[in-house]
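Heads up, the next two complexes both have subunit A, just with different partners, subunit B and then subunit C.
== the complex of A and B ==
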């Protein structure tokens, strides 16, 4: 095709398309960092653990507001939670469809909502554990633990999905979350 | 972040401010929640004041978000205009085709339409029949939100003639 154009910094024959704005990226890495810090480093009963938890909730709140106010790829409307679309997307992968999604792909979108809900559940049960009313209540603590286990499973699936889709679509996704730009091979259609 | 041009730096700064202020707002909201039901003897204005600060900060965050969205939109528009000015029409056309979500076949046909090639010739070049090309054109015009060939061209003329 005559339109193929080596972009300023991209690979030869790839188009660089700006998708992730700085706020999306900061919230993403901030949330990843707070999960890492609270999951592995802080004392579970300590004040730092609580503060990091509040920070994670704040980041989540910012992202949810940005999902309404923000630019197109960041908006909820660009990646509605749709199991039907996810199943069709799976079928497409098997059938060799190589369309590149500029926002999250339908499977990725489900993972995004899953992780947000899980983090929200972690924060809610965490706050409850610190409150007078629910302090020491067993089921709250168990729910907190269970949400954390589910979050770890989700993170593994998320990273696996990113690696798989980077390989499948030829778009380095982790780099896109760092630089904000998806480098799409010239012969791929985008959606 | 990229930090390549001042606009991108401004966007990154604004985003960092939003995150910082959002977290500060979260701190106050958390404090308000913790204080509700607890008898704060020090001052009966403590809770309303905190609630007021939290509300003001949240409105600040929303305002910054709207500003950042504007800045990002302007950056995208400037990028398109700059490419058109540089004579990089191919890049501009690519951007529009991406926005419209054209399939590879439709991109091919749309490009030939822009070059002024008629449907019969396009069909010949692509090894299909004119009916197929006409159907593809209809889909392209639909996705682009235009009435036909002339209007499709005018979308790109607009970029070349844009003043700012």
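== the complex of A and C ==
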């Protein structure tokens, strides 16, 4: 967390605001762990790879339900996928807008949906590869591998975005995903 | 008891028996030969490619899926993975 400002816990005037409930955090780190395990550790042809894939699919399904019935910052309505808003957000960054978003910011929201869709595509093609109809069918395997490559690119962009926005907004975002609380500097408006 | 053990052993072995391939089966040393031989034996060869020094064939027969690894030197089945 090189770009995150150190020791801002309890800094003068910072507001500590609860944003990520335990389910959101569990799904986030559970998905990250399953991507790491299946991407780097398991035998691709093995049963463990399949079960980790099903676990990731289960986590994703739970999170999607939570996007409808969960607490406010977890709801889709708090971070709708909007390219227009993302572009305006970029303009705001350049223009020095200091607003802190309590849920995902519009750029982060696009990344969230991108990663969920990519994980869903990985699960779908993975299940197809083990089905009688698509077993040994080349394009399915290629789609599975392409989705994984895109996921790796996305993870790099995601981590880069988190580091950048932690630095820009003064809110340590990775810590918020661990503790559930965003520590927002006193001089920042929130949205 | 012996009969029971025999039945149990047969039941356990059944998914593999459905694939009438063993370590002694000679399939061939090239992808074309192996494909032809497997097709003759009633397998649908979905894909065949080089993999870790072996030739790997994705086959389907009687609704069962398997990956057959063939040693390209001896032409014999090196490994059979039922799916």
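By definition in this document, the second predicted complex is superposed on the first by the 182 of 191 C-alpha atoms of A that agree within 3 Å, B and C clash if a C-alpha of one lies under 4 Å from a C-alpha of the other, contacts with A are read in each partner's own complex, and residues count from 1 in each chain.
The criterion applied here is as follows: a contact is a pair of C-beta atoms (placed from the backbone, for glycine too) under 8 Å apart; a residue touches a chain by one contact, two chains touch by 3 or more.
This is a predicted model, so every value here is computed, not measured.
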Touched partner set for A:179, first subunit B, second subunit C, both or neither: first
Which superposed partner A:59 touches (first subunit B, second subunit C, both, neither): first
Superposed model, subunit A: greater residue contact from subunit B or subunit C: B
Partner chain in contact with A:69 - subunit B first, subunit C second, else both or neither: first
Touched partner set for A:45, first subunit B, second subunit C, both or neither: second
First, second, both or neither for A:136, with subunit B first and subunit C second: second
On subunit A, the residue positions that both subunit B and subunit C contact, one per complex: 132
Subunit C-facing residues of subunit A, complex: 45, 130, 132, 135-138
Subunit A - residues contacting subunit B, complex: 1-3, 5, 7, 15, 17-18, 21-23, 25-27, 30, 54-55, 57-59, 61-62, 65-66, 69-71, 102, 127, 132, 179-180, 187, 189-191
Residue ranges of subunit C touching subunit A (in the complex, touch as defined): 46-47, 58-60, 63, 65, 67, 81, 83
Residue ranges of subunit B in contact with subunit A within the complex: 1-2, 8, 11-12, 14-16, 18-19, 22-23, 25-27, 30, 33, 37, 61-62, 65-66, 68-69, 72-73, 76, 79, 88, 90-91, 93-94, 97-98, 101-104, 107-108, 111
